[in-house]
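Chain IDs A, B, C, D and E follow the sequence of writing; residue 1 opens each chain.
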């Protein structure tokens, strides 16, 4: 079943066309990969889906409901949560409090503090941050903060997570752990993911389907194997 | 000119940290002139902290840093830049509200870097054409990877003698990663000295003449890059698969 | 002898701070003089006086609290007045509640009359309705036929204006320009150009200190030609003439005291003593009012002692002999002193209206 | 635990002491207590918006001023309690109306904008009064100090209770998230605009009523006084001296400020502003967590 | 013809008002830009400058032109003192610096209270004034007193000079780097400490100079500074905090809007006009007229 349907999204910044007529759909429970060179428009696409950027054209629907034009918090409460490529932790409060707010306000929108705390701890455990629960979020290393981004998105109770380069800055060993973590999450919680990653191994290993963008234009969509064999993609992406 | 056998930079017995928290303990490192030296370690090992201490952004609590035969442990950051120690920081730290070109020009603000800025700017644009396309765009509105290129470009504008590259490929597409590593090769060929911290440990160690494995703020292992790659422990812990 | 303690609060900081020194100086001069003369005559016994003072930060709420403290905590024997109409008004209920008499001074508003007579009195003759009426009469007598009115929006200015405009109409004086401006005005070019163009032969500047200065400087620059120029508050300050010099010669302002009124034998000695002590002339409004109010209190205490009710009785009924001549209250108001006007004439302040008290003849303003 | 104990015992004790005070019979003491209650009410309400969301307002006096004005307009026509309610309501409505556009502005811009807004409101009211031919307005028949004190005390308690409730509620968590990073908060589902607006309105109502009560105390209304920016500055000062992180902060800050000025007044009537200024600087530099920080350290040690 | 006279006179008034706004705001903007400290005591430095001129003239008979230098030295020295004494250390530690920035408003409120009351204690709050260059010059349909001409001249020269200096001297680039991002400035090799020290001294000195100029035309009191602080804040917020050029433009713009706004409507609306404009600008452009904003990524 299609959970997310993106139709003809375009976005320009002044004269720059960051996205041109991008369409695709994502199946429930799938991991949908997004690749493209730097500046291809991946983060912009996430921001459009999550409601932070109003597209110049096109529409996005989630579970057959149009969400274009809705505010980010509304979209989140409908069940889509994104992480930020350039991390934005709530730096001055504890790691645990970061995820508790998420659980209180996100899609699960719990009104019970105890419940939210439980959901939060579960999210921290899922990404391996449980040990740092009492640290201030600002004191985490960059990769720690990336994990926190995931945990916060998870704790909202969203059905669909948009993860923007959460593996950047991890050692290969850590990347492997992260791959395991995401697969486990998908299985255990039946989540749908969209993934932006430059760590190709991870993207290929995790994705069911991948969309490749070049200067905001979709140039290929298909299984990892198809994408890996696509000459256009090879040219613009791997050189 | 220091002789080839003499290191360009040595860090000895360095410890440092944030507030009350000690991060680096008794670090010893030496960087030979014209070499690429890699720092490898898990997240939170202290690589960034070490880079900052070398750049002078964090004070050394004890130990010493020598550069080109002189003790620079107490020298402030801007003078270190003036002597050619240039940090390309993790997280980029570009001047978000200034244009790409202004960022690059600011890179060349020290006296040693002030001659023929125009030419070097053009050279930089050749190296990173995207920067040229966007020379008037505000740095903060560039994509993550574009900002990373800008940070590297800005660092090179300072005419460094040693470049401290902290995770220079973070968030870069493979094509750009390749390009950064070829830049590293070029720089090395041009006689620059490079200290590199990189999560892509394999690539880093492959490119490096010498590598240091950092764990919990201490140097755990060191040796020529290739040798480190072949050590089973290193493979298991840092290289994956 | 145990000293008689007299409490007051002053706006040493805040909005009104620059007015405080004139009043404090007068109080302290009075204190010196009384102590030098062997003390305050308390129903026949001479006792030294001392002040208990606080800063109210120009805030009526603080002043209320301070007077409560003075009355109930410090248990002072007598009270002296603070500065400004708002603070006087805020104090009235407190004084009634504690049945503690206080002779006011630097307050001027028709609203004062709405205060229930009892424990507070207002010796000033600068009450807006009277000012309006008298000013119109004064202008008429000097042959003014049209007047430009520029007024600050602060209460006293506005209140005076509200009485002045109808009074001018009654006297048949036209008002071609009637404009308001806020207290933080920085430039009067537009208003003064308008004034000049109207050809009005009087400019009535209902100003406060900072805009009084601004007005004088810019009037000179733009060459205001009217022969009758009044500036409301600030022109009696020592710094006014110091900063503006010759150019403010012949400017008219409100006030009912001048050292040169021979009919008031105490006036000149007060002026001299003040000048000797502070090396500057007393403010003809605030310093004089403050000193007067102490004289009234002094004379009341001499007959009534320190009993509050007796003092109240005394202030309400006696006639006092002050630097401003005789003063007597009806209800809360001083009815003896006529509402008058001063003019700066070659460096000194002369009473020029009404004829009954004038010390010099009015002179038209001929230039800046 | 100790923290809880302290509040559980200390809170009711304070309330009891506050209620008993008028029976001590000293006007002067009650005057101080009135002031203390007023500052607590104001600072506590300010902290609901500013300490929680990081939108530091330098124009909190605007709500007092509006409250005062509405009160003076309605008092006499309406019974006093109703007029007070109107004052609070008016301040709340004003916050609701201006909140949306105003709360889009952030950081130092917000600080200065709020200051500008208060000045704008002041000047508009001055203008209205001038065109109505009103110069200043007097209140006669104001209730006695003890009555006013009880009202103000009630406002302090209400304001504190509101602060406690907000802080420990879901709303409070959302506000803190907004303070830490607004975009991220929005991305995890926090309806930032709505929460900010709620905080803004909640923070406005009590100062509105305070404005009315204060008028009864001075029995005099004049716009320049009612919107005196020093009030806004004092509020921020007390909040910082008390410590921005806790509900205790505003209480400690107000207490310190009121006691200190009382002490300094008595000893150095001329120097007290200078000393206050110096203390303020020392606090900012050396005691960033304010007085409540002291408590916490003590508690942590136990 | 009549209209013409009026408008040149108005133009002059607008220029004088604008140049004073621009000058006072310039000092504040420099300090805010580099140190991220909102110096609410800025106007009190103007006041100090005014007192310097007054006392130098009254006690030593020194002409106010010379006081321009004396006031600059005194206020600049004060800036140096508090930088070296307090800020240097705090600003070099990121955690402390952040806290300081957040609380700078209140910190300087303390400084302001001390300056105002210190001066009031030392010299009483009596208003002061002196006569200097108050002869009236007439040219091109404008009547102008010498002191206002001097104010205009000095302010224009200082504003322009500062702009040119920042544009063409390398220091301008360093300053820009620090204004944009202090941590990154150090990384590119800017001596942040020196830039900060220089700007705080310059900013304070400019305020002192403005004070001397103001004292020639206005009365001097210990509490005269606050309106200048407010005007300067309004100006730099309109321009965009830390944007030196835009701040100067906004200063002149405010002078013109105020003067011609009053002429077009009525002086009654002066404050409503200014604050209304200010509030409206911020509501429409939350980062100021020339401010830039970028989307989160």
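As a convention for this text, a residue touches a chain if its C-beta (ideal position, glycine included) is under 8 Å from a C-beta of that chain, and two chains touch if they have at least 3 such contacts.
Here's who's who by UniProt: A, B = ABC transporter ATP-binding protein; D, E = Branched-chain amino acid ABC transporter permease.
Everything numeric here is computed off the predicted structure, so don't read it as measured data.
Student: What shortest step count links chain B and chain D in the network of chain contacts?
Tutor: 2
Student: Going by the touch criterion at the top, tell me which pair is linked by more C-beta contacts: C-D or C-E.
Tutor: Result: the pair with more contacts is C-E.
Student: Report back the single chain whose CA centre is most distant from the CA centre of chain D.
Tutor: Relative to chain D, the chain whose C-alpha centre sits farthest away is B.
Student: Using mean C-alpha positions as chain centres, tell me how far chain A is from chain E in Å, no decimals.
Tutor: Computed value for the inter-centroid distance: 48 Å.
Student: Would you mind pulling out the distance in Å between where the CA atoms of chain B average out and where those of chain C do?
Tutor: Inter-chain centre distance comes to 75 Å.
Student: If you average the CA atoms of chain B and of chain E, how far apart do the two points sit, in angstrom?
Tutor: Roughly 42 Å, centre to centre.
Student: Could you state the distance in Å from the CA-based centre of chain D to that of chain E?
Tutor: Taking the mean C-alpha position of each chain, the two centres sit 31 Å apart.
Student: Got the chain E residues that touch at least 2 other chains?
Tutor: Residues 116-117, 268, 271, 295-297.
Student: Which parts of chain B, given as residue numbers and ranges, touch two or more other chains?
Tutor: Residues 141, 143-144.
Student: Hey, what residues on chain C touch two or more of the other chains?
Tutor: 12-14, 153, 180, 182
Student: Going by the contact rule set out above, which residues of chain E touch chain C in the complex?
Tutor: Spelled out, the residues of chain E in touch with chain C are 2, 6, 9-10, 12-13, 16-17, 116-117, 120, 124-131, 134, 136, 143-145, 148, 217-224, 227, 258-259, 262-263, 266-268, 270-271.
Student: Quick one: which bits of chain C touch chain E in the complex? Just the residue numbers, please.
Tutor: On the chain C side, the touching residues are 12-14, 17-18, 20-22, 150, 153, 179-182, 184-191, 193, 197, 209-210, 213-214, 217, 220-223, 234, 237-240, 242-245, 247.
Student: Provide the residue numbers of chain D that touch chain A in the complex, in ascending order.
Tutor: 170, 173-174, 176-177, 179-181, 183-193
Student: Considering only the defined contacts, which chain C positions touch chain D in the complex?
Tutor: Those in contact with chain D are residues 12-15, 53-55, 57, 59-61, 64-65, 68-69, 71-73, 85-86, 89-90, 92-93, 97-98, 109, 111, 114, 116, 153-156, 158-159, 162, 180, 182-183.
Student: Tell me, which parts of chain A touch chain D in their complex?
Tutor: For this pair, the touching residues of chain A are 50, 52, 71-74, 76-77, 81-82, 84, 88-93, 97, 100-102, 104-107, 109, 111, 113, 152-153, 155-156.
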